[in-house]
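One structure is given below, represented as structure tokens, and several questions about it will come after.
Each chain carries a letter (A, B, C, D and E) given by its place in the written order, and its residues are counted from 1.
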Amino acid sequence: MFVAKVTGSLVSTQKADSLVGHKLLIVEPYRLEADQRRSLVSTGRTLVAVDGLGAGEGDYVLLTQGSSARLTPETREAPIDTVVVGIVDQVHIDQQSVYSREEE
Amino acid sequence: MFVAKVTGSLVSTQKADSLVGHKLLIVEPYRLEADQRRSLVSTGRTLVAVDGLGAGEGDYVLLTQGSSARLTPETREAPIDTVVVGIVDQVHIDQQSVYSREEE
Amino acid sequence: MFVAKVTGSLVSTQKADSLVGHKLLIVEPYRLEADQRRSLVSTGRTLVAVDGLGAGEGDYVLLTQGSSARLTPETREAPIDTVVVGIVDQVHIDQQSVYSREEE
Amino acid sequence: MFVAKVTGSLVSTQKADSLVGHKLLIVEPYRLEADQRRSLVSTGRTLVAVDGLGAGEGDYVLLTQGSSARLTPETREAPIDTVVVGIVDQVHIDQQSVYSREEE
Amino acid sequence: MFVAKVTGSLVSTQKADSLVGHKLLIVEPYRLEADQRRSLVSTGRTLVAVDGLGAGEGDYVLLTQGSSARLTPETREAPIDTVVVGIVDQVHIDQQSVYSREEE
């Protein structure tokens, strides 16, 4: 799993039947900034995730990929390989806060 | 999942029996351009995807990989790891449009 | 899936029982050359694939990875994660030929 | 599998039901330092792993990813793709110790 | 699958029950040297693999990853995602030997 920031959304009318009704979010995976180790920064990658938790733009989310992405009630048996499994409240690294949802 | 642009096709006569009849598209994964964040740009990667939705050259599509790629009616039980699950109509990032199918 | 060029082979005497009798090819994944977009070039990666289609050195092949690699008659229930699912005859990108088996 | 260092933790209140009660660790994958080959160094990546072994900050752990991450008693049937399967005591490379938990 | 060199080992006392008794090797994935194409060189990555074939330090091995890594008698139902499926005797590329176990 990894942390990503929700930065947008995707609209698709023609899609696999089992995707109908699923909210599709644009998410950008984040990593620890390597020099100061005090903040999260974008990896430059852009993914699309299914969300059943109500995450909104600007939220940091926890993503699961692969076959495990199908193990939520919403994604079972669907052709989905990336899913939001949590909305992130806090990330602590080296015993310091590098992200807090409240402070945003 | 991720967004890719359909840029070509692949012909293979000698292939696994369960691939016969499948349309094989050349697709190039795209990501958000990092500086202006106003457009999608190629990642430089080249993949091959099975398509059951009728995507054409120039279309942006949503791709699923891994075992989940087998969860469409067309791909079940076939040795396929990348499938088109949607034709993209619009992508919004930072509350702005970075891709719209109509404007192409 | 992706396109790779067969450039060699691998011999292993001590191996998992279920691999006995399988032909092991050295394959190098290829991608579209980014500037001119008129040819395929090596990604610099080196993989090993199981082949049940009779691909030879110099052939371009279509590879499937992950659990889907086990969905051919030859690879079922074996510890194999990369398999040749097609021998490539032609690749068209931007409505031009970037590879044709006959011209090689 | 690969070695990673536990450097933090993540708090998520809104999450998939099957994740409730799971400890979420921030882990940074490590690799052998390439020049001297005498120590482990960070790859610069940041992942989130489920831990059922009681690993603490500063520990080096062995991680498993993909569907195999669900094959521990704690992670079965959960949307989890990265799990701690061991706390590392020692790593030997080129017949020298490159990590020993006791010396930390 | 890919070729890797066994360069060390890992000791873990606290680990998942199903990992007890498994030998854990440090392995470094290798690729073809790109300029001369006459030797194998390290990719700089460091992985951990389970071995049931008796591979020793200095050996080149064939590795399988993902769910297929569980399809050996030793790894079935264990949280393992990387396994040695063969000890490499010879690698030929461009009709020349780039590795031979006997010559080492």
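Here is the rule we go by: contacts are C-beta pairs under 8 Å (C-beta built on N, C-alpha and C of every residue); 3 or more make two chains touch, one makes a residue touch a chain.
Everything numeric here is computed off the predicted structure, so don't read it as measured data.
The chains touching chain A as well as chain E are D.
The minimum number of touch steps linking chain A to chain D comes to 1.
Rounded to whole angstrom, the centroid-to-centroid distance between chain D and chain E, based on C-alpha atoms, equals 20 Å.
Rounded to a whole number, the gap between the C-alpha centres of chain B and chain D is 33 angstrom. Looking at chain A, residues 65-67, 69-70 sit in touch with two or more other chains.
In terms of which chains touch, the assembly is arranged as a closed ring, every chain touching its two neighbours and no others.
Beginning the circuit at chain B and passing next to chain C, one meets the chains as B, C, E, D, A, using touch as defined. Against chain E, in their complex, chain C makes its touches with residues 7-19, 24, 26, 28, 42, 44-50, 57, 65-67, 69-70, 77-82. Chain B contributes residues 1-3, 30-32, 34, 40, 53-54, 62, 64-73, 75, 83, 85-95, 98 to its touches with chain A in the complex.
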